[in-house]
Every structure is written in structure tokens, then in C-alpha cells.
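Across the two complexes that follow, chain A remains constant while its partner is chain B and subsequently chain C.
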Partner chain A sequence: MEIDKYYTIGIYDDDEVVLNAVKKLRAEGIKIYEVFSPFAVHGLDIALGYKRTRLPIAAFLFGLTGTILALTMMTYMMGIDWPMIIGGKNFVALPPFIPVTFELTVLLSAFGMVGTFMVVADLKPFKKPRLFDLRCTHDKHVIAIDLAVNKFSKEEINKLFDETGASEIHDKNF
Partner chain B sequence: MSEIQYNFDEKYIFSSTAKKRLAVVGLIGIIITIIGIILIVNSGSGQETGEHALRSTNTEASSLLASSDPGAFVAGMSEEPKEGESHGSPIWLKRVYVSLWQNNIFFTGLALIGVFFLAIQYAAQAGWSAGFKRVPEAMGYWLPIAGIIAVVLFFFAGKDIFHWTHTELYIIGGEHFDPIINAKKGFFFWPADEHPNFPVFWFARMIIFFSVWYWFFLQIRKWSLIEDIEGGSTPYFKMRSLSAIFLVVFAVTSSVAAWDWVMSIDTHWFSSMFGWYVFASWWVAGLALITLMVVDLKEKGLLSVVNANHLHDLGKFVFGFSIFWMYIWFSQFLLIYYANIPEESIYFIERISTHYKTVYYINLILNFLFPFLLFMTRESKRHRIFLKIVAIIVLVGHWFDFYLMITPGTMQLDGGFGFIEIGVTMIFIAMFLYVVFTNLAKVPLIAKNHPLLEESLHHDI
Partner chain C sequence: MEVVSSIRTPLITGGKSVADVSDDICRQVEGAPSRSWMLAIAVSSSFLIVGAYAVSVLLWEGIGVWGLNKTVGWAWDITNFVWWVGIGHAGTLISAILLLFRQKWRMGINRAAEAMTIFAVICAAMFPMFHMGRLWVGFYWALPLPNTFGSLWVNFNSPLLWDVFAISTYFAVSLVFWYIGLIPDFATIRDRAKNQISKNIYGVLSFGWMGGAKNWARYESVSLILAGIATPLVLSVHTIVSMDFATSVIPGWHTTIFPPYFVSGAIFSGFAMVLTLLIITRRVFHLEDYITVGHIELMNIIIIVTGSIVGIAYITEFFIAWYSQVPAEQYAFINRATGPYWWAYWTMMTCNVLSPQLFWIKKIRTNIAATFIMSIVINIGMWFERFVIIVTSLHRDYIPSSWAMFYPTRYDVGVYMFSFGFFFTAFLLFAKFFPVVNMAEVKSIIKGYSEK
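Then we have the complex of A and B:
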């Protein structure tokens, strides 16, 4: 496969150090591609300047779809297509519809949320993951910087990595 | 984050202005109650002026009850002697009694939830709530007063509130003999159920519940204050053990208390969900009160250790348990609705087919729809103004929830919502808040030696 992405990565041993390094790098005006860490570092998302996810909006809309779908489905089935007397209740009565409505709302919002997340995060089947360093799943924190989007040279970035306490600095190309 | 200066020695001061304000609320409550009583006594018909419109719906409802066969059966069953010999109290007095009982149950719940909230935090070793734990702690001090009110009220109003206290129901072959209640008499009158004059078992349970709850509360409070002076982890572990035992005790006692004090009003009827239902209502109302008080203290410039993250968690609690309450409510309703057994559905017929139906639907809107929609987004749970609005809505809503549990069963079609109910509630609010704020002002507002306080300061969600 052709190499078209050029990254430089700094590997850090400690979460406090990597948090400060991210703040320093961003203050210098460097665009960070991504930080990989084995556990959630508090405040890292704020330091990276990430916007809050809009996933809840998607979840709400999927849930609403489920609610409407369930209610129309049951109203059509029980009221129009094949009315049946059950326990002497009205053909279209709200209380017995509530459990089904609830289930479909939860089902659609859950599936919709997972699906949306997979699309947004580009998690498709047979996708070859870009592993910057396998140790970021164990005990190291990895800052990856895309050289193409930064106007800084690799040497300048590596110097900053060194200053902020990186234990190792590597090139990584895909 | 470390630059923020926390004041660990801050104290809440219960100012004389605040005391005066509460006294004014109480006085207005008394005046409104008296106005309500005068209005009823003067109107003659036993109804407040302006409620005559409701009268017509009442008669409609009773004819509706009598029209169908199972309905007539049910109506016959639930009918209480209208010009009854033993129902001596006039309607205004009955309304005052019922309102007092309802408010006492509601505020007992709020106080009890203060202790329960603490116990949950300790049993789960939760750190986030360490900063404001004095607030639920202060709420527990209402428990002994609630107990005294309950005992006194039982002696004065027992006959008006609880149908099962009437001894003629148990005379076999008598005019008022009631086989269903007679079969249940052991639950109230044991060990004297051969001569049911005084409900020994029921009364003993009430005394035991209040004493046990208060004892656990005092123990937790005692160790909490020792921790403030001595520090160390011993008080924490003591409180954790106490809390774990209290939770088990609470699980049983709160459920039985719900049957005793609320469900036994509709003596023929029973629901296996009722303990949960009352607990859910108490719990979410208590959480709303804790939220409201924390927000209020923050607006007074106190509780610097509490930030938006803690408020967010409290908001999530109120949001989540509003849904939980709705779930419990609906679980109880759906089974009764579907089975449609007259003995069971009378409970809802009494509430939906009468003039209580307004309150019935308001109850669902206030307690589910508002918190659900207003608290759905993340930001609304982090803003004080939203938290205040929703907490007040939830508190009012659950007051109506208890109104619906108690009033239709005791007052039948004579019940209403007017000056008396508002006035009595205002008196209770003034007394409850006076007790809570007095005890909040007694000790430093922040448990500075709480082992998890540091964790609470770094709480981030």
C-alpha cells in the first residue's frame, strides 16, 4: 500500500505529563491529530479543545422515531387492519400500547446510537486499524501529529516533544 | 483547578430575617386555613364556594359507578355511611385532619430520605456527595417531630382517616360487619384482635419505625460530628456499617410504613407495588429538596466545594428517579387496568371518574413530563435556574401524589383542594424548614475531615 500519511509521535509515561504536553503544544499552535491513552485522562478532552459530541441529539431523534413507529404500527394493526377485542378494552387504547412503545423507543435509540457512533468513528468491518503504538493499550500515552496539516517542521515538533517530557519520539507513516 | 480557594470552615447562619420570613409563611398558612374553614362552615352544603360546579361531576360519577353491574358492586363495597354514626367530625374538621396527615406523611418522607441518601452514599462509598452531606443530615432532624405529630394525630383523627379503626366493622352479624376488613384485623389489632379496640400492632409499628429511623440517624450524625473533630477513618467505617444496616431496615420499614399509613386508608384494596410506589415518591421528592437546598446555599455564596458537576449529578438523580417513579406508577396501573377486577380497579375509578381527575392528570404531568423534558439535555442539569424550577415542580408534584393517595380514600367525594390544603401545607413548610435550617446552622457546613472530600473536590463528569 502506498504511503500517504506522515506522522510524528511522542510517547509519554505519565498522564499528568501528557496533559501538560498537550496544553503546551496547542499553545504553540500545533494541531494535534489524536492522543491515545490506556485510560481516560480527566481534562484531556478539554485540553484538546474537543467539542461535545452531538450523539445525544441523534439518540433523541432515533428514540422519537421509535415512539412514532410503535404508536402508528399498533394503531394501524389494532384499530384499522385487524381490530380485536382484548379484555373488553377499546381497540385503540393507550395504556396497553405503552410497554411496546417504550421498548421500541429504547431499541431504536440504542441501535441508532451505536450505528451513528460507528459511522462517525469510521468503525467499519474489515477496517485495518491505524495503530500508532501498541503500548498505548497498556501503559503509554501517545500524541500523534499529522505533519501535512501543520506548518511546523518535524524537527521543531520533535523538539517540543522532548521539552515536554516525551520518553520516546518516532516517525509513523501509513 | 488547584488555584480555587475552598473555605472549609464556612457556616450557614440562620438569620433573623430568614426566621421572620418562615414565621410569616407559617402565619399566613394559619390564616388561610382559618379562612378555608370559615368558608366551608358558612357555605352550609359542606363545600367551599366555587366548588359547586364540581358537585355536578360528583353526582355524575356516582351514577356512573352505580350504572354497570361491577360498578354497583364496587360502589356498594366502598360506600361509607354518609350520615354515619361514627363519622361524627364535620367536613371542615375532616379536611383539616386529612390534610395534616397527608402533609405529615409527605414531610416524614423528606426527612427520612435525608437519612436514606446519607446511608446510600456511605454504603456505596461514594465520594462525590461529601461536600454537601450536611444538607441531608439536617433534614433528618424532622423525624422525631413527624413521629410526635403522627401519634397525636392518630389519637385525634384516627377515626376520620382510617376506616378500619371503627370497631363495629368487626362485630360478626352486626349491621356494619365487614368480612374483608375482619379478615385483615390481625394486621392492625394483633395481639388483641379478639377485642379490636386499639390497634396495638399497628401503633407499635409506628412507634418502632420512627424510633429506629431516628436512632440510626442520631448514630450517623454522632459519628459525623466526631469525624469533624477527630478525623481519621474510624468514624467513616462506623458510619458505613450503620448505613448498611440502616438500608436493610429501611427496605422493610419504609414498605410496611407505606401500607400502614397510606394503603390501609383504602382498607379493602391492596397493591403489592404500594411500598415501592410510596418509596419512589418519597425518594424523588427528597432528592429534589436536597437539590433545591444545595442550589439555594450556593446562591447565598456558601458551599464553595460544590460545582456544576455535583449539581449535574443531583440533576441526574432527579431526572432518573422521576422516570423510575413513572415506571412504578405505570406498573401498578397497567396490571389493574388490564385485569379490570372490580376490587382493584375501584382505586383508579375513585380517582379518574370523580372530580379528582384534574389532580390525577396534573400529577402525571408535573412528576414525569416536566422533569423528563426539562432535564433531558446535559446543560439544563448544570444550570441553577433549571435545577430550581424542576426541583420545585417535582416537590409540588409529589405533594399532589400524596394528596391523591390519601384524600379520595378518606374524604370520598367531599374532598377538595382549597384554602385548607394550601394553608396546612404552608404551616408544615414553615415548621419543616425552621427545623432543618436551625440544625444546618449548628455545625460547620462542610465535613472537612470526610476522607472522601478531596475526591469530591475533583469530581468531574
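Then we have the complex of A and C:
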């Protein structure tokens, strides 16, 4: 068995308590594997020292791709490949191209960003989730600490869990 | 632990805890279907079956089975299309625009409203497709695909093509937005599931969601950006639908007021349909603590605002027709109010302009029975609005010798029934097998916004 599969977990009932616990544990120098919550706890990512996600940048770039794709497509089809006189208008006129350009910008931006999210967050239909506690999607917040990467002993970490208000403390091995 | 703020109106009543939220919402997913649900789905699927017969005849015989004639070439089909698209505006409005405005009351209702949006957009998309007659070549006619017509491309100058892009983008983005929201809730159901079958099904649906802080941060970011891009999208969809009419030179259609007028009409009827569905859903699934009278009142306030905008738009159209001094335009509007379709016009005026004004009275807008009746009245009115705009503008065109009336056949009615059957069957299946309230979002406001 690989050694990094030994974890100790602290289970918390309240989102504010877990937020303070994370701050305390990190101040002590403990490396936290991850905190699992039933809902988004605001400020938890900052407390854990995570960098801001770059998904908005991905959304922008995919959107830009959509804009360029739409304008190129319409210019090619209406202006180069098969120009047709429709109501005496210019072959390539910007105003009537705006709605389709806008829609394709939004479409590619949304799908590109969500696709990127699925990849980076490792979400896929037949993935088997490695759950530390079944209640972390119900009403409990779970702090998981990988024992192999920490210089602290399990007892020391569990003591801190207890001090910061954990309602339960367990071992979890995968 | 519960903290009740004295200055905030509670959004969740009944002193719920975080655990109560998943228990209450998952109960109807986990339990056997109730008798009332079975009865409801029996009714809606019988509509679907009867409608399917009408649709088969339509596809076999062609659109000649409808009551269209050479003067009135667009009638129920496009009326139903615009009506359903309009209804499909409330869901994304609630989840996107209200998210950007940080309106936390959206959390109790956004899931069901988004589901309604998706089904309504499918219903809407049916009608232009049926009207193409040959459904199976519709892709070549509507999408810019290389083809054997001498690579004759679709016409990007046409608002009908813009519609193809707008509706399909709106459908796709709403579906993604809805599904992203469902993922954490599917994970909740997966982890509560007692039997292996539902564990597997919800396991696949939940995409292996674990609820780690890193993923929650990404999830929040994705939701916010999706809301940001879905907001102009919602407004663009009905704007483009209105351009189907506004860019033509038919008197009564050729007006610049159409985009804002159609968008507010869409929100108006969409909220009415949300109310119709949620008033039943909260009762059947005992969700009175999550979808409160407060929610209903707030939705009714949006109905007054959008209904009044629609009313002003009707009056403005009339004024501008007179002010323009264009005889054809003036005749079109006089004919609407006093011509052979006067009854449709006055039904529209009564249902859309007068009746929502009753919601100024607090007693009425906080009364569930009154709201339910009103929500149906509004959607009848909004159907007639589209009928009036479309049929009365067409039936008396420039040459009096070609003036005609439109009489629907049973296939017009049958295809409309099909869309109703589909809509309610899909919504009932959603309500039974999917969490009807966004549990993860509601859990996040339990502390600040719940009643002790």
C-alpha cells in the first residue's frame, strides 16, 4: 500500500467553525489535503491559500474564439464563397452579422469554460469519487489531512482538530 | 446553530437546519411516487399521446392540415412558438440576472424555473420545425452546413436564421447552467442512496462530485461567469424573436418598440408560468418552507412591473400608429381593436393590462389562490397577444380581395396539445427524479436567512 493513503479527518458541523479551524491549522504549519463541504463556504479557498481560478480567462478566450469564428464564417459564406444580392445590401455588412456573432460568442464561451471546468475539476460521468465521509454532501464539513506530507504526528493533529471544535475525528485510509 | 436577523425577512421558514434541507428535498426523490403525481402524469401523458397523433398526421400529410391560407400564412404555429419562448425566459432570468443582483430569494425557485425554461424552449423549437414540413431536412435548411444545393448557404441577413442561433444557444447555455447547478445536488442524493441502482444512476449524474473547497471555488466562479453571459443572452433571445416581425414591412409588425416590448412580455408570462408550476409543486411536495408566500409576493411584484411595461407598449403602439399618419399602419391598429378579431384584442387587454394591476393590493398578491388564477389568466392573455399581433396584422393585407380569416383545424389544436403534454410530462418527471430546490445554495443561506 502506498503511504500517502493514510489520512486523519476532522468533521465539523458549522461553516464558520471550519473556516476558523482551517486558519488555525494552517497557522500551526499543517498542510491540509482538502476541505469538503456540502455548499460553497465563502473565504475557504482564501483561507486554504488557493490561487484564484483562471476560469474567467478561459471563458474570455473561448468567447473571443467564438467572435472570430462567427465573423470569419459569415464573411466567407456571404462575401467570398457565394455572394448573393439580398435586398440590395452589401455582401458583407456588419450590422446583420451582429446577432449571430453575439450568440456564437456566448455559446463558445459557456461551453469552453464549462468544459475546462470539467477537466480541471476532474468531473466525468463514470468517475468514482474518493469520499472521506458520506455526510460531506449532506450537512458536515470535513477537513482531510494527509499524514505522509506533514511532519506532525496524528495525535498532534487530532488534538488541534479537537481544540478547533471538530465534532468527530476519524482515520481514513484509501 | 441558527442566527436570525431581525432586519431580514426570512427566506426559509420553519426553523430548518442544513440537514433538514437535504431531508426535505430528497424525500420525494427517494420515496415512491405519490398518488397525485401518478394522476398528474397520467393526464399529461394522455395529452402527449393525443398530440402525438396530430403530429404524425401533420408530418405525413404536410402543413396543409393546419388552417393556414395564402393570406394568413403564419398563425398558431408561430403564436405557440413565441408564447413558449416567452415562457422560457423566466428561468434564466431568475438564475442569471437575480444572481448578478445578489437576490438570495432566487435560491428557492431557480432550479424549477430553469427546468421549466428548458422544457419550454424545447416546446418552442418544435413549432418552426413542424412548420418546415419536412423535419428531417430541417438541419440543412437552418444550419450553415456544406450542402448539395451548390453550396448555397443560409442567409445571415435574415432574422429567422438569427432565431435559429439565438434559440439553440439559449437552450444549450441554459441546459449547461442548470446541469452545473445540479451536480452537487446529485452528489447529495448519491451519498444518501440506500439501494445500489439509484446510487449508480445518481453517481453517474453527479460526475464524481466530492465538494472539495478548490472545486467549490471554481464552481462559484463558473456560475458567476455563466450568469454574466446568460444575462445578455436572455435579453437577446426575445429581441431576436421580435425582429422576426419588426424587420418586416407588414403594418402592425414594422415597429422599433418590439424588442423591449417582447422581452418584458416574455418575463411577464414566464413568471406567470413559474407561479403556476411552483404553486402546485410546493403544495404536492410540501415545500412551503422553501417556496414561501414571500417568494410568491416578490414574483408578483415582477409581474406588476413587466405587465405595466407591456401595457404601456400596447398604448404606445396605438399612439405611434396615429402619429405616423401612415394609413396602412393606422388601419392595422383600428382593425385590431374593432375588426373581426376584436374579441382576441380585448381578451389580451383585459388579461395583460388590467388584471395584473390587481397585484398592487397586498392582500391579493400574497393570496395563493388568487395568484394561481392570475398566473393562468396572464398566460392566456399572453397567448392572445401573440395571436393578435400575428393574425390581425396578416388577415387584412394590402389588397382587400385577398382578405381572409383564420380558422384553426383540429391539427392546430392537436399540435398545441402535444407541446403541453410534453411540457407537463417533462416537468413532472423532473419534479419526481431531480431535486426541485437547489439544496447546495439553500444550505448556504440557512444561517443568515432562515426563520427560527
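For the reader, a short list of remarks on this structure follows.
As a working rule, the second predicted complex is superposed on the first by the 170 of 174 C-alpha atoms of A that agree within 3 Å, B and C clash if a C-alpha of one lies under 4 Å from a C-alpha of the other, contacts with A are read in each partner's own complex, and residues count from 1 in each chain.
The rule we apply is simple: a contact is a pair of C-beta atoms (placed from the backbone, for glycine too) under 8 Å apart; a residue touches a chain by one contact, two chains touch by 3 or more.
This one's a predicted model, so the numbers in the text were calculated from it and none came from an experiment.
Contacts of A:87 after superposition: both chain B and chain C are touched. Within the superposed three-chain model, A:96 lies in touch with chain B and with chain C [touch as defined at top]. After overlaying the two complexes on the shared chain, residue contacts for A:151 are found with neither chain B nor chain C.
Contact with chain C, but none with chain B, is seen for A:107 once the two complexes are overlaid on the shared chain.
In the superposition on chain A, contact of A:56 is made with both chain B and chain C. Comparing chain B with chain C, the partner in contact with more residues of chain A is C. Once the two complexes are laid over each other on the shared chain, residue contacts for A:137 go to chain C alone; chain B is not touched. Shared contact residues of chain A, touching chain B in one structure and chain C in the other: 56, 87, 89, 96, 99. The residues of chain A lying in touch with chain B in their complex are 42-43, 52, 56, 60, 87-89, 95-96, 98-99. Residues of chain B touching chain A in their complex: 1, 330, 333-334, 337-340, 376-378, 458, 460.
If you check the complex, the residues on chain A that touch chain C are 13-15, 34-41, 44-45, 48, 50, 53, 55-56, 59, 63, 73-74, 77-78, 81-82, 84, 86-87, 89, 93, 96-97, 99-100, 102-104, 106-107, 109-111, 113-114, 117-118, 120-131, 134-139.
Against chain A, the residues of chain C that register as touching in their complex are 1, 17-19, 22, 144, 150-157, 159, 161-162, 165-166, 169, 172-173, 176-177, 180, 183-184, 187-188, 190-192, 203-222, 225-226, 229-230, 232-233, 236, 240, 243, 439-441, 443-444, 447.
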